[in-house]
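Some structures to go through are shown next.
In the two assemblies presented below, chain A is common to both, partnered first by chain B and then by chain C.
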Partner chain A sequence: MNAPVSRHRRPLWRIWRGMGSVALTLLALAIGQAIIAATPDVDRSERPFLKSGPMGAEVDARSFTASVVGVRSSRIIKERGVEHDTQGVWVVVKVKITAGTEPVLINYAALHDGRGRTFLATDRLRQPIADAARTFQPGIAVEGEIAFEVPADTTGLSLRLAESSGARLMDATTDVALPPGPLWLDPQPVTLDPPVVSS
Partner chain B sequence: MTVTAIAPAPPPVRGWWRRNVWGLLTVLPLLVTAAAIGYADDVTEDYWDSQPRQPISAATNEWAQLGGARIRLVELVAATDLANYAGEPIQLPAGVLSWRAVIEFDAPDQDAVAGCKITLEDRAGRQYGTRPDELDQVRAGYPGCTADSSAGVDLRSYRTEALFVTPVGAEPVAVRITWITKLPIYLRLLR
Partner chain C sequence: MTTANRPAARKLSARLAEQPLSRLAAGLGAIVLAISGFFGGLEPTQVPTTPTAVLDQPIDAGPWRVTIIGSRLLGDLRPLVSLSDEDNHWLVVQLTVEVIADETWTGLDSIVRLSGVDGIESARPEHVVLSRDLTKVRRLHPGMPEKLSLLWEQQGDAVTPLQVELFIAGRTHRLDSLTGRMEWKPEDEPRALLVVPVEDRREQK
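Moving on, here comes the complex of A and B:
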């Protein structure tokens, strides 16, 4: 005949078992949280596709192609006879844009610098082709200028254009590097050229 | 005399399958339900339906019927007589051609045709929009599918004129009319 189990061992066994369940549950939660932390979040996993290219080359931004034709800079920009000065620098980028298969508006135009800063196209004056100012028809290349206001010490600028505005999730965005080095400032005020169809 | 106690027989051991039979029987309908829920809310299908996929086609001067309205393409020709607001002929940029589409409507129910988008389609499948910036100096109205609200318009017979530009070499083949509310169905009026 077996000796009876000690009565005070049964509650202790249940407590150990319960604590073990809690510990395993917490471990599972911790592992899950670690996996979530290690995987990219929505902003990262759905970020825009940057399409790079040198100046002068056509960059394919899915619904349009763009090439940077030239860059000018000055301390003063003139629009309709009114001079706009700045504590920084005006950078005027001339681009050639051709829509692909449907009419396109450029809703996003920005300069990105080497320090990770982004400067949207200025709204201090009327933009001829940015900010959805002009509709680009398929197959018809149009050259136009976009004005930006940037700090005087900025370097490593690249032009980013996209059809989408806002977050531009998973959309193509051009990333064309402008000439490196300090910007040469035109001593005269610059004026934005009107857009023209490029043959 | 020695009496030997007979130990009771151990309870029969139930196999794994018998122990889990109810769980296994529940898994199958759960799987089917999960799959049905996934397919019932198919994002791919919603995206497909939001694009123009199902054309109702008609040749030039042939009526196309859509939602109680009849629409036909009267003409789609090169526009060579464009003038600016001062009445002077305009010069198009090199490499650009302009086109004029005249569309006729028989639409007593104006709600059936309101809110349309008119585009020109070329042989390569590219779409061109109305009122292009290349023709911003041209004296032209805003092409739409509803009649001019001024008095005297016969809703059974009114026309709209749309201007487009294409690059030289593009061959227009049709005028497309789309309504967001009618997608994926759209009209394709052939040249």
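Moving on, here comes the complex of A and C:
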């Protein structure tokens, strides 16, 4: 026959049991928080898919392919007889774009630099192919230029193009590195070439 | 503790131990609340007031740094922009904006709000003009501060202001509770308030 539990021990046992419940609850919460911290956040899990490639090579961006044909830079860009200067540098990128199976608009055009900054195509002048200015038809390659304005000290530029705009959640985006090193500045004002169908 | 107090203390602890945990927790919470009162825990919250700023003072407002330069009234600005009525005029606020976020910023018309001016349709400017080449812009890029002019059209028969109140809007980079993404969200309170004198230059070109 077991000895009865002394009267003054029963209340203390209840307190210990309560504290144990609290401790287990806190432990469960801590484990849950650790799991949350270890899993990728939404920004990372839904980020755009970057499709890389060297200059001159075709990069597949799901609904279109793009290749960087050339790069020019200058301190002044001219449009319709009006000169636009900049405190930074104008970078003009010539690209060849071919839509896949359906007509495509390029709604996102940006330069990404080595410091993690993103520069959208300039809106100080009319863009002939960026900002959904032109519809690209399936199978027809079109060469055109996109103008960007970047700080003079920027390096490590890469061209990013996508069909969707804004957050571009889980959408394909090109990521083509431009020539490294300081940009050579054309002493003359540059003008954007009109888009042409490429053979 | 003396020998005479031991039975009383043991009796008290025994009675406490017999109480339900919820009642013990409530009592402990009441004690903590009472103690916090001695350290300002029960003081009424302070209503936030908008900090004031002055001309040429840089104001950090999240993704951008704003410096108000001045304000003026201007007449016809064609061909850049056209007035809806030839008797109206433009109220122009000049400022320098530097994007300190890591990406091109759009929505330049949301940086400054006008307040208390008669004959203006909206607190947001109707046009944002880049002073460098007098082009209308919607984008500003990181690392390149630019001088901008914000334009509001004022009715010709409205009282022309001698000064205007400007509120600088701010944004905070935080988690959006709906999308789960980090975004620049507008703040409820403006970052700064400025009272800016207005120069009347309607007769000048």
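What to note about this one:
One rule holds in what follows: the second predicted complex is superposed on the first by the 195 of 199 C-alpha atoms of A that agree within 3 Å, B and C clash if a C-alpha of one lies under 4 Å from a C-alpha of the other, contacts with A are read in each partner's own complex, and residues count from 1 in each chain.
Just so we're on the same page, a residue touches a chain if its C-beta (ideal position, glycine included) is under 8 Å from a C-beta of that chain, and two chains touch if they have at least 3 such contacts.
Computed from a prediction, not measured in an experiment: that's the story for all the values here.
Partners chain B and chain C, once the complexes are superposed on chain A, both fit on it without clashing. Looking at the shared chain after the overlay, A:V197 reaches chain B, while chain C stays out of its contact range.
Once chain A of one complex is fitted onto chain A of the other, the partner contacts of A:A57 are absent, as it touches neither chain B nor chain C.
If you stand at the C-alpha centre of chain A, chain B and chain C are 100 degrees apart, rounded to the nearest 10.
Touch criterion met: A:E102 reaches chain B, while chain C stays clear of it. Looking at the shared chain after the overlay, A:A167 reaches chain C, while chain B stays out of its contact range.
Contacts of A:A34 after superposition: neither chain B nor chain C is touched. Between chain B and chain C, C contacts the larger number of chain A residues. Shared-chain residue A:I140: touches chain B; no touch with chain C.
Annotation: superposed on chain A, chain B and chain C show a minimal Cα-Cα gap of 17 Å. Once both structures are placed on chain A, no chain A residue is touched by chain B and, in the other complex, by chain C. Within the complex formed with chain A, the chain B residues making contact are 93-96, 124-129, 132-134, 164-167, 170. Chain A contributes residues 8, 11-12, 14-15, 18, 41-43, 46, 82-88, 110, 115-120, 122-125, 149-151, 154, 167 to its touches with chain C in the complex. Residues 100-103, 134-135, 137-140, 195-197, 199 of chain A are the ones that touch chain B when the two sit in their complex. Across the complex, chain A is touched by residues 10, 14, 17-18, 21, 102-104, 106, 130, 132-133, 135, 137-139, 141-144, 146, 179-182 of chain C.
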